[in-house]
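Just so it is clear, A, B, C and D label the chains in written order, and each chain counts residues from 1 on its own.
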């Protein structure tokens, strides 16, 4: 069971144009959802049924794909994926989309989310003769689709039947030879939306990918909905798996951190959601200060909201080195340099002699916050007040967010005052739990990582990594 | 159905030493059997059951593996593979060994050969819910092992049951968490032998790999035999799938071309087999000449045999550029250079004014022979007599040898005289069909590509490539 | 004559510690000054005199250097370089530092700037038997140092003599076997500063590199000054080449765009300089609006200044894709996507229905501004007022800034109103020329690219690229 | 002073066709002369004078060049180089051809050989203001050409004047904007020949490169000759630097080992020279045996000669792994495998029970010979008699052959009997010194590495590596 936050993108050009380069730009826009590996699979609907061309590799989208590779990926229907995962299973085998032959030809499958019953399902499948070549949940889903396909009239029917078996978080895009299918788990943990550009339909994790390729937003795929896109019937919808709206459980962390601020998730602007978080922080945790700043980039929107609400001027206190990504050589123990210092530097002239409110989206272990607070002080800040635009992390996530073990969480078994002391701030304030619903304007959410209350019973034993090879 | 000639290597060190680097040297020795992709999978038998580490890549063994990669492949049991295949399916996904999780844990599987009923078996499996992620036969075999495992006490029993389903040519090495298993199809198309070094047992396609790693030859795996290697029981043998010796059908082309001359295949020295082929050519197609030469490297042994038998001096007529491998830029139509010229050059002083007998292992399309004959003439050879150490290629191979379509074979619908004229030689002689048995000293062989007579009925329609993605 | 903006970094650890990894972090901090190629050269002062180890490559610092490479670069004195240049000459040969043997051993030389008399000097050198292997000015400088060394007691004396010959912009770091030398042209076009960490002295283009490695700022190298750093004498200063302060001519574009806002250039905070530019824009080009936003990243500081001065709230209107750097595949003509769209997206909720003041650091050709203005309108902005934190580009730069030919500059031969119409804004305002001096608080500057008035006569014919190979 | 054996190739197509791909094939044919780095520089004679495009890289020709790179190298005149060198200086900087700008434009220079007065010349040049960026002799030569050019009417005149300064072994190809120039040192240490193909002239280290590209041999460049190739005058010859034929000193090791057997060096077939060496060995060191074999590949020709002379049958005793080149992972101390075993294997059936005469081209340290002799014994050889087709290595070479220090040479201070015992052979015979002249049919040779007698006084102190960076 591997925790992953990923991005998916699919497109079907009814006019028969090549889609690989559009998928490329779509994935670039979703890169923040996964930087470990990526892949594109396409098919030519006018060619031999089931002929799928694919390319997958480790690394960023612009590292994995060249003009030459994109040119070879000829096809008018396709699906792409960007993947994040914990280190252990970051193998090329686990890159998506998964391309497979089954009784009815070929499927390509891209998946964002995490099944909580994957281990049981794997066992069940193995006891009926299945073999597994990866450790990703997509392979489990693919098996159920393949098996249910034997008793189904259409592939989308098989997807629906498979959804009865799988439990947890999933937003799926499936490419069959002549159909593009999108599906979202009944709780709606992960986002999925529909767009249109000319005579092409698009499925994507976030609306920012629609903007990037110049498509217009059509609507979100609803929690539990299966949409089937084909030239014959346009968008067909199957809502038989939908559950009452009250049971929906969108991951609230999509709004707080995962999604790009220019995206809309289920009709809610992510930007606005963060502005609201900042505003509520200002209301609930006010403090007298000269300047409100965000820890770049993820703290900036909430900082803006805090500034708006409090009337304290918004400012910039840090410069982020935009050339330092995942891959630079981390300083070792004996180096005088630190990773935080390499990535961030304080703006002395902005903070010197000032009382600074510093906003970040979350505190996990607390080590980075500690360094950043110190950085501000060394740059002359008179006071440093930290505000966090989410409640304290206290519980594991079983639905795709990679949260460390509880004993590594700074908030575990500690009061806010104790945490404040550890990170060295003058004051510390978290977003109140009850504000979570407000920052998404009443949408139903999962806030299990903050509250320990999950919409689905968590698995009894977390066997993460057992199948890891 | 993909035709492939490959090499397999497995080792189990009962003393618990790391085996990856030994597999690396073993694969280097088998590189002539496949240069497209390669892979190594290892497991630590003292570690968690089923934890397999693997690395696979396109290209040669010394390109695909670095010291760093080998160091990470910690384990005392392992299996390796080198792969050759036709261009269409030369994808990374198809590289071996295949590593899979199934009901009883993890297996790694390396396979040399070609199943003739793979398409039917795939269909059959798909109708019971299987999904396929590659186009290699190994995946079919793995499925049957996984399914039969449910009704078997041991993995080797499951291998035996799977062998009842699969038809065609295969030499298999299977690594289960605590056992190394070797199996050879009942006809013995492809070679497989057992070696020993200290307290390690080795399985390999050819004995030359044993020499390279300093192991001693124990014995060949018999056609139809399954050997199971474990510290508890050493080598166990299951011969229940064996068929009468008269029905064996070793690929004779292993002796003529595939295997390295320093290997022994089923007790027969490949070198000697080629010497014999040369001798019979001298007996059956004598000609008065000054010099016998081989087309390097594969024609050299037969040329030596011809020289021995005829008394005509052996010589060297060509220099082969040993730095030009698979990957140099082939001259295009408009270039003045030719690929043959880039690879070979004649030794003027060796051939000028002489009548030369030139021996090659085979003629396929005839284009290369034509160029080489001309090269000798331009270097001053007075006469060029070509002798071929195998009969004319006339039929397809269904068991793993990549022979072009019949209409591309120079010998198809042409007399020897006509071929001789096309390649521009003064005379041409092929090895007689009836000599094939003699050059392997009476061993039972398959010579289907020369005779059209196969030990197994060929598949009714050759659906090669259908599943290719 | 190649225009280049580059970054230089040097360090000498008097305690004999290895410096390569510190140079690596220093160059990471200077990466914004050049992304084309980079290099590090080090020497072990306790080893054989003149033994220099170096590594240079195309690409970013984190692409060009691996842990393995850094480990091999053993030495306690070293110099590094990041390079920007126009496409034509972006060859590996031109990467710096330049390492050379000359009469007194070995030198490594890193250079930021542009000589205006390089062509004449090359000619002069060639007429006395020089050969050139690169097209970088550093090679010219190296020759003069080498030749003047014959008549000088020390290498720093030779540097001083060489400075009498070379004209133009240069900040130099030179590593001789036992000395680290920094020099800055008499006009002070390009920055250079001195830092200290424990018993190490550092030279760097910008102070942000000092912060990153945890060094403290000592002072700037003065225009025309040569500093020589050695364990025996610490910092020695030679000011014989200095000219009256009134003639200094710092490149004002360093403050406006090149330098990182967290750097201090000649005592002036770059951040503050941009805040001031924004303030003056608000004073000189006021407009009634709801929101002030910057074009990320370079417009943000000035936008903040504008907001402070005008009282109009600062906001964020764009999301920048931080994974899209130099190297992504640019959309072609037939693509529906555009490079600007791939890089930037507007925040609908932030701008919809609002009157927006959008601040950028400069307008060159105008094509990007046009797209961004349209992007804001499409996101619902009611009005878009563009303000530019520098005057219009009208003249070439001969001192290292890569400005296109005049006829490609949107401001050439056009009024502000005409430009405003082209980019589609509701109003447009540039920073007034007379404000330039104020944003650097009276420091002497070169503003030739805006005014056509240069501190040095420009070369008569611009023979840029002639020597390009 | 770096010892190097290299290969050079130049071509000028008077019809204006692109030459880069022909240089590529020429270098492939010369790859045996250097596998460390390679390069190609071309110029378009119809384009701007002095515009040179070049590409150089570490590794083999087929690794360093892609179709894409070759396509970019547009030009009808060009020069290429393959380089061998000792490890220390195997840097990219030292790759050739050297491309340089000087007073008269641009030159590209490729050089094979070793100057013995390079250190003095470097000193001399440095004292007149030269700087050096590489450690290759080509840079010294280039300087003298550049300086002499100031007093010369033509570049070839400058080459002639430069040749008066440089001492040692050199075969040079120089490309000036409109001329291709070849020059050979007065002693003729290293080979250089002229070929023609249609309206193109070719210069190459060896004739095998002419064969590969389909050019015909015109003649050798004579020792001391400068040839200038231009469309106006075809081949012009300047023999003013030639010395009396009796003083010529061709490197005899070119015949024994360096050159490809299909080459002719100064009219002598290398193949024939090796046949002769084998014949003389048979005459001078006869022994009763069943089989003569060569250590592949370099011992094969001499083995053939020995067989011819002695009447003992020639055979093949070894299989060489043709996939194992420079770059495989060498077995470490703790490995059971050995490098020799990985590269070579004995043919049991060929040698078992036989008395074998084994011929190699030379013995350096003796470690390889020792292993090979043992390999034959383990394969069942009854007796192993080693014969070496050159005299014992006893002295350093100052002219480009990389011979280890004397104390590492097995023949240093040891009798033939002692050596025989060390390598474990039954008998050992070297080629007699007096035969050297005979195997090249009386041509004047340098055999300094065998005799210690050099045609030029060796340098007083060997400062190899001092300038190494």
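As a convention for this text, a residue touches a chain if its C-beta (ideal position, glycine included) is under 8 Å from a C-beta of that chain, and two chains touch if they have at least 3 such contacts.
Because the structure is predicted, anything quoted here is derived from the model rather than measured.
Engineer: What chains do subunit C and subunit D have as common neighbours?
Structural biologist: none
Engineer: How big is the gap, in whole Å, between where the Cα atoms of subunit B centre and where those of subunit C centre?
Structural biologist: About 60 Å separates the centre of subunit B from that of subunit C.
Engineer: Could you please state the distance in Å, as a whole number, between where the Cα atoms of subunit A are centred and where those of subunit C are centred?
Structural biologist: The mean C-alpha positions of subunit A and subunit C differ by 37 Å.
Engineer: What are the residues of subunit D that contact at least two other chains?
Structural biologist: Expected reply: no residues.
Engineer: Looking only at which chains touch which, which shape fits best: line, ring, star, complete or other?
Structural biologist: Here the contact pattern is a ring, one closed loop where every chain has two partners.
Engineer: If you go through all the chains, which pairs of them touch?
Structural biologist: A-B, A-C, B-D, C-D
Engineer: So in the complex, which bits of subunit B are touching subunit A?
Structural biologist: Within the complex, subunit B touches subunit A at residues 50-54, 92-93, 98-103, 106, 122-123, 126-133, 135, 139, 142-143, 146-147, 150, 467-469.
Engineer: Okay, in this complex, where on subunit D does subunit B touch?
Structural biologist: 21-22, 24-25, 28-29, 31-32, 35, 60-62, 65-67, 70, 197-198, 208, 211-214, 260-262, 264, 269, 271-272, 275, 297, 300-301, 304, 307-308, 313-316, 319, 321-325, 327-329, 331, 335-338, 341-342, 345-350
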